[in-house]
Amino acid sequence: MQTFRVEGRLLRILFYAIISGMLFGLFFALMSLGLNLLFGVMRMVNLAHGDFVMVGAFIAYVAYTHGILSPWLGLALVIVILGGLGFVLYFPIGPRLTGSYDPEMLSLILFFGVSQILEALAVMVFGNNPVAVGYHVLTVKPVNLLGQAYQPSWILAAGVSVIVILAVYGYLYHTRLGYATRAIMGDREESESTGINVHRVSAIVFALGLVTAGLAGVLSPLVIGSIYPTMGLGLTITAFAVVIIGSLGNPLGSILGGLIYGISLMLMETYLSTWSTMVPYVLLLLILLLRPTGLLGKGVRRA
Amino acid sequence: MPKIARSLWMNGFIGVVLLVVFGVAPGFYANTSILFQMMMYIVLAQGVNVLYGFTGYLPFGYVGFFGAGAYGASLAIQMGHLPGSVAMGVGAMVSVVLGLVLLPLLRLAGAYFAIGSMAAAEIVYYVVSNPALDKVTNGPYGIQLVQSYHPVESYAFMVGALGLVTLGVMILRHSRIGMALLALREDSVSAAMIGINVVTARAGVWLASALVAGLAGAIFAWHTSVFYPTTVFDLNISVFAIVFTLFGGAGTVLGPTVGVVVLFGLYNVIGISSPQYFQLLFGVLIVTLVLFLPNGVVSLLRRRGWDVP
Amino acid sequence: MSHKLLEVTQVVKVFGGFRALDGVTVQVDAGEILGIVGPNGSGKTTLINVISGLYRPDRGTVHYQGRDVTGWNPTRLARRGINRTFQLPKPFKSLTVEQNVDLAAHYGKKGRPGIADPLEFAGLSNIRQQSASQLTTAQQKALDLARALATAPDLLLVDELAAGLNPVELDALAQKLLFLAHQGMGLIVIEHLLGFVNQLTQRVVVMNAGREIFEGTLTQAAENPEVVAVYMGE
């Protein structure tokens, strides 16, 4: 790849890396959105985030093994199953954590436990080996744009991600519950005293966080290939990178973070492929140390 | 003061019991590999204990130091042709150097530190295992230390490390430095105001815990003699050390020891043959712990008014 | 020539556009008590935070024992002999009362003599072994004072130590602070209770909106139109 000397060719490769990076990045924006919501609203660090993505992926896999070759049913199932699960799970966990002496640390550890449980259950049910979800769109011919071929599966995943992200924004900025949610993000105690039912709103956000993770899971075979029960941890770390690049606790940041992550990953894969696996970690560490509050952040971190 | 003296005695007792048990056990119990790993995890758990219990930093990337120690010692043996015993010191020092490089992490708090340290460990792993470095580290293909293989001597070294680390935590727990660290953990402003140097104190603990993990990694490399980067940079090593510590109770000498003996024992009973069942149990245990017993099982004793060493 | 113990010169501290301190100059001599009064938000505590090293001033200097200590961190200042109490006392709750003081003496004292038994002095000698998590608010304040004294300060900054005390306790506290000054310590006392300040010193600075609007005795202050306006307007 690096031996081409024609400048036009080089430019087109650069262009390809940027466009595919954006498609990739939009998917990762969705993938990490829930992590950000949970931290912003509840100061919860969901270390099981990637495992909920994995759960979504296996829900799609079950649908696929029953002969459904498009992701739509999987998406619908995830909304029902993870939405319900999230809403119910919040009540034994959430109030206890947010009322504890150190919600951040304790939730980190607690969700680590949840991640172990989900991983173990998935291995018991689906075994240890990677499985493929052969959506129909994966066999469609690549789309040509300015002489470069793009995978339709990526375009579909990016498209659905944008729709879901927009829906979450619609909720946050154009519904009454969304106003309440943002009020809680601003100041939890204050909003409690103004009569907002903090726990009900939190439960909804918790459910929303799991649902968006699960939806990304359904889409994941389109972007990252085969799925396996232990895929969660890597995704969690990537999601953290995306979220921290954007800024933890600020949902808007997820999109920016996703795009930066996607584009830098694709550029690395194009030009320095042996080191590209390090991208999320290096980005994460750099942003943490240079700008601990993220690119859009404002004083999230306590001294 | 008599109260402190008594629990100091208790601590000494724990240390002696540990040394005797692990020193004599190979004579009665053939599976030294389990004994060795149990000691290794006690050492690692005490390292986490010092860092988390006394400063509040939760190091998800603790394994980075372990791996750095393993590779540092291995390269000292392979390329420097040093004897195993000397290479152990090199491994520990490599880990301390990594700790120095990572000092800026201490600016981060809470979850940011936990995640940041994990990212740092992953970066070290990707550098060490990168095919581009196969001339130095042999990339993803790992290390073979045939020439220095010495299971008995390396076992003895781990017993020694166990003794040293337990002694260190004992001293820390009953010294003014330990008290100063607890004060610092609780309220860094007030601690600074009474003359405790916040930066030095935190950095000191960080480097000490790096040294401990590096030493454990170095001895592990020596003892195992054949390993891959995925073995010594396995995030599960951090995770085990952290969960064992939290299960027993951070900030005590007894807690991490109890945590390792119980949980790692359990792991060896059911975890080897069917790891997913152990993992499930592990997960349920952690969730239960956070929700109902956030200070570990030794806090049950404390609630009954016992003075837990 | 001899120096004042503390010379704060034209100190400015801005928080995001808000000038919490707007060019404050105060001086304290060894053995002297300076009272600082003023409405809430007038910058009293900010001034103490600057002197004790919690905040770095944006402009101006702090000289202590003739040395420029502007921007030094609290640890360094504590070891040099500047210490303070907090408006909201913050004892280390994981330690005992005695350990709190012992730590301060060990890390902060650095060879200065100080008073022999700070816990005795603060009236806590009967609860030395008690955990600091079990103290009443008044006891916490006393421990805060004892801990600061354990570092053997030459300059002590006292931030609203008297709030919530009954008249007998107030009188006892005033006697203690006067005793410390008599021993040669310099003190800055921030207080809302004017009667209490009057008992301690004739030298009072009145602050308002980050500025010093008056310096003199309290009696004179009561006749100063600007001071009266500030207090009436409150």
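Chains here go by letter, A, B and C, matching the order in which they are written, and residues are numbered from 1 within each.
FYI, a residue touches a chain if its C-beta (ideal position, glycine included) is under 8 Å from a C-beta of that chain, and two chains touch if they have at least 3 such contacts.
Chain-to-protein mapping (UniProt): C = ABC transporter ATP-binding protein.
Keep in mind that what you see is a predicted model, and the values were worked out from it rather than measured.
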Neighbouring chains common to chain A and chain C, by label: B
Chain at maximum distance from chain C, centres defined as averaged CA atoms: A
Chain closest to the middle, measuring from C-alpha centroids that were averaged per chain: B
Distance from the mean Cα position of chain C to that of chain A, given in whole angstrom: 51
Chain B and chain C, separation of their C-alpha mean positions in angstrom: 44
Whole-Å separation of chain centres (CA-atom averages), chain A against chain B: 32
Interfacial residue positions of chain B with respect to chain A in the complex: 56, 58, 104-105, 107-112, 114-116, 118-120, 122-123, 126-127, 130-132, 235, 239, 242-243, 246, 276-277, 279-280, 282-287, 289-291, 294
Chain B contact footprint on chain A (complex, rising order): 45, 92-93, 96-97, 100, 102, 104-106, 108-110, 112-121, 123-124, 233, 237, 240-241, 244, 248, 274-275, 277-278, 280-282, 284-285, 288-289, 292, 301-303
For the chain B and chain C complex, residues of the former touching the latter: 176, 179-180, 182-183, 185-187, 189-198
Footprint of chain B on chain C - complex, ascending: 52, 54, 73-75, 78-79, 83-84, 86, 90-95, 99-100, 102-104, 106-110, 147-148, 150-151
